[in-house]
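Next, two complexes with chain A in common: one pairs it with chain B, the other with chain C.
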Partner chain A sequence: MGKYIEMIRIRFLMMLAYRTNYYSGILIYSINIGAYYFLWNAIYGEKSSIEGMSALQMTSYVAIAWMARAFYFNNIDREIAQEIKEGKVAVELIRPYNYLLMKTMQGLGEGIFRLSFFSVPGMVIVALIFPIAFSAHPATWLMFAVSLVFSFLINMQINLLTGILTFFFYNNTGLIRAKRVVIDLFSGLLLPISFFPGWAQQIMNYLPFQGISYVPSMIFTEGFTKPEIVHAVLLQVVWVLILLLPIQIIWLIARKQLVVQGG
Partner chain B sequence: MENMIEVKDLRKEFKSHSSRSGLKGAFRDLFTRQYKVVPAVNDISFTVKQGEMVGYIGENGAGKSTSIKMLTGILTPTSGIVRVNGMDPHKEREQFVRSIGVVFGQRSQLWWDIAVQESFRLLKKVYNVPDAEYKRHMNHVIESLDIAPLLDKPVRKLSLGQRMRCELAAALLHNPPLLFLDEPTIGLDVLVKLKIREFLKEMNEKYNTTVLLTTHDLSDIEALCERVVMLDEGKIIYDGQLDSLRSNWGEGKQIEFQFADTEVDKRALQPLLAEFDGVWTQGDRENVWIANVLNEEQVISEVIGRVVAAHKITDLKVHEISIEDIIRNIYEEGVTNG
Partner chain C sequence: MKYVALFFQYAAQYMKTRLTYRTDMIVEIGSDLMSQAVNFVFILLVFGHTTMISGWSRDEIIFIYGFFLVPFAIFGAFFNIWDFNERYIVKGEMDRILTRPIHSLFQIVLERMELESLFGVLTGTAVMIYAGSRLDLTFAWYDPFMMVLLVLGGTLVYASIFVLIASISFWSDSPTSIMPMMYNIGNYGRYPVNIYNSIIRFVLTWILPFAFVGVYPAAYFLGREEWYTYAFLTPVIGLVFFLLSIFMWNVGVTKYRGAGN
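And then the complex of A and B:
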């Protein structure tokens, strides 16, 4: 286990090595939060609530959704694709560790780095500029933290899945981009799931994406009732377990017919 | 002695699709593709004993890298048996890779953006090397490879020679009994090459480390290996002592003359070698001709005497036929005359 924890530390160091990325990230996220804040304010106008959410809840939702994204979002899929394309995955396979678990740990290292140096200070600044409602219940914070861990796991698993598909498609930049758009839209980052038309909500109930952003954000803004919270987090757990299966299967097939590209 | 590597009838086939020609062909390719099965490694068998240093050579595409990848558990063999260090590399991968070290000359296995010592620290954790053991072994490695001043630099800031020495140290961090080196000296200068060779020899003597080395630089092989395994088109065409290669195919000497006179040609020179069964070949510069003759004192002095008496020369060199020439000959002519 020590090696996996060490990997988190290494990723931390790597994040520190690229400071420009860090600063530009702050800029991009503030622009996004600002833009959505003004957009939603314009939509709400004089109305006090839409689809059961008040304007204040909405701004909190937008802010927390983006800050949570800083934690769960990573480019591990692109990294895996690149390692496969350049044949670097060969080097990873001569190491006595589980490649996919190691990648997950790298993602976690990246997430913890951004959470502590980016999301938390960012949230303080955002709270100073825009009105945001923070919950006073420790239980809400706890459930938010728990569901955030699962949202990281679900997103990570989807990333691993997209990444290792490169073994079969050789070049799957398109798939990676499509996945990113699908996640941003269907996870509830851009628009809370309750704002979608009924039939779309029905479909999305059968997809893992809302576990990524909608669930933690709704818990944070107290948009869910208690039984709803329990139900939503359990659904996250179920999805984490379900997604393990295709990853393992595809990984085994890939290892069997692996072609290391580039000699 | 125990066998470190046992390979029997090892085979790896790749499916490659051949594109049909023309636009019509490209459309047909969309629906059905023609596949051709190409054997990259074609039923090879060999064994390597513990403590041996073996040179694994062959032209580009001869199947060296593919077979090394099967020996290290990266690729699954199509058929055949591989036992390395008593294990099946592919099936028992995580257990197996603890017992090997690998250096790929063309790819880095250190983490690009962080200091070398951080990579070492991670690898130490990955291989579960105890502190005392690490200190004892790595201090020695760091000293012999002279990399102490490089440890706090990120890998991307190192020169190729510096990086290669660090890669080697990283591969030996857990002191594996078996070391695979895939073109470790590619693009390195002479001094670094010498240092790496010396170091490998020392490791081999000290820990009885088994080394399998592939390279295109035959001087590496000459300096390190007693035995060579030669591959061509996926098959082993020679497996034996390096010395016997030289005695079987490299009996002659080459005498290189640079003539002052520009009009010397093969016709004028041929009679000078008349009864010695020698051959003239043109050198790589103008007016340079090489006499390939038997390695006998009498013949050599007689040929030099005759040539110098007949033509004015500006330079004269006597070479032993190099391993490189021998190997080129083997590839061109096959092993039949052995």
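And then the complex of A and C:
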């Protein structure tokens, strides 16, 4: 266990060394939040609420969704793809640790870094510019924190899956890019899942994506009732467990037919 | 003439290298299509809950988005200078560029073209046809020429902003993070400017004139006469900004000292 925690620490320190890159990141996210802020206000216009959400709730939703993304988002899928392409994965496989778990830990180190140097200060800055409603209930914050952990895990697992698929596709930069765009929409980052038409929501209920952004953001903006929160977080847990299965299976198959391209 | 011939030779060469890795190219076009589709779906979903956004209807917003895609695609095909600082200044590649017998910026455009981006012209046109037919837009005989003119104006706006920022690299070392920021600000141009507050509107019109890539020129085809002045300004703004950016570039090149090696 010690080596995995060490990995979190090393990645955190590595990110810390390049922290200036992240100040511009905050600005970029704020620019995006700004675009959606004006857009949503124009969409609301005279209406006081759409799908049970007020304009203020929607602004808060957009802000927290982006700042939470700063936490769970990482490029581990690209890193895995790179290591597979360069043949480094062969060396990784003989090292005395579980490769996928190690990657998860690196992602976590990165996530903790981004949470403390990107999400939190970013949220403060955004709250100074735009009107954002912060909940006064500690329980909301607690459930938000819990669901954020699971949103990190689900996103991580999907990253691992797309990363390992490089074993079969050799060059899957396109797949990784497409995955990112699809997740932005289906996870509820761009707009809440409740804004989708009924049939689409039905389909989305059978997909893991809304556990990434929709669930924590709805909890944060208090758009969910108590039973809804419990249900949503339980669903996140179930997805984390379900996703373990395809990862393990594909990983086993991949290791068997590993082709190292050069190296 | 030399420039035209060179352009086609580089383009032919580019096609050859790309067609060797066909799947890569198809996947790339596919993922571009995917992100365009996501933006499109976003507009559709939003209009499931409202009929008007600041006086613009669903199909008008879709038309603006379709128009935006065209200049953006042309820009993306020829002005891949977002990594100019790292690629040319830090690595000293600019030394090589300066030994070439054509204008340095044109040389970079030739080297860095990504013709598959041009696929966005088709998607944008398809989106405009879809929205236009639902809006029953009528076109005069000169409108296709207007389209070319306004698209060129929009492309020049985009290109000049990025050339201007790239030129900063000649003086200072750290504008790398400004580039991705510009791409995000550019997205503001996809929506009507009257949804923004007056400061942002001013910036999008006169300082970083991204509004001239989407809503202003599109307003001409939508028959929104209140925006006609801005629509007709599109080529002017494009040209003025482009000349300014070329001027800055040329001055910058004289300040270039090489990375040393």
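Just so it is clear, the second predicted complex is superposed on the first by the 260 of 263 C-alpha atoms of A that agree within 3 Å, B and C clash if a C-alpha of one lies under 4 Å from a C-alpha of the other, contacts with A are read in each partner's own complex, and residues count from 1 in each chain.
What we mean here is this: a residue touches a chain if its C-beta (ideal position, glycine included) is under 8 Å from a C-beta of that chain, and two chains touch if they have at least 3 such contacts.
Just so it is clear, the structure is predicted and the values come from calculations on it, not from any experiment.
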I'd like to know which partner A:Pro96 touches here: chain B for first, chain C for second, both or neither. first
With the two structures laid over each other on chain A, which partner does A:Ile249 touch: chain B (first), chain C (second), both, or neither? neither
Mind working out whether A:Leu234 is in touch with chain B, chain C, both or neither, as first, second, both or neither? neither
Could you say whether A:Val181 touches chain B, chain C, both of them, or neither, answering first, second, both or neither? second
Chain B versus chain C as contact partner of A:Leu142, first or second or both or neither: neither
Which holds for A:Ile28: it touches chain B only (first), chain C only (second), both, or neither? second
A:Ile129 in the overlay: touching chain B, chain C, both, or neither? Say first, second, both or neither. neither
Going through chain A, the residues touched by chain B and also by chain C turn out to be none
Within the complex, which stretch of chain A touches chain B? 2-3, 6-7, 10, 13-14, 17-18, 86-88, 90-91, 93-98, 255-260, 263
Spell out the part of chain A that touches chain C in their complex, as residue ranges. 21, 24, 27-28, 31-32, 34-35, 38-39, 41-45, 47, 50-51, 171, 173-175, 177-178, 181-182, 184-185, 190-191, 195-197
In the complex, the residues of chain B that touch chain A are 14, 65, 69, 72-76, 93-95, 97-98, 100, 102, 104, 106-109, 111, 113-114, 118, 121-122, 125-128, 154
Can you list the residues on chain C that touch chain A in the complex? 23-24, 27-28, 30-31, 34-35, 38, 41-42, 45-46, 48-50, 52-54, 177-178, 180-181, 184-185, 187-188, 191, 195-197, 200
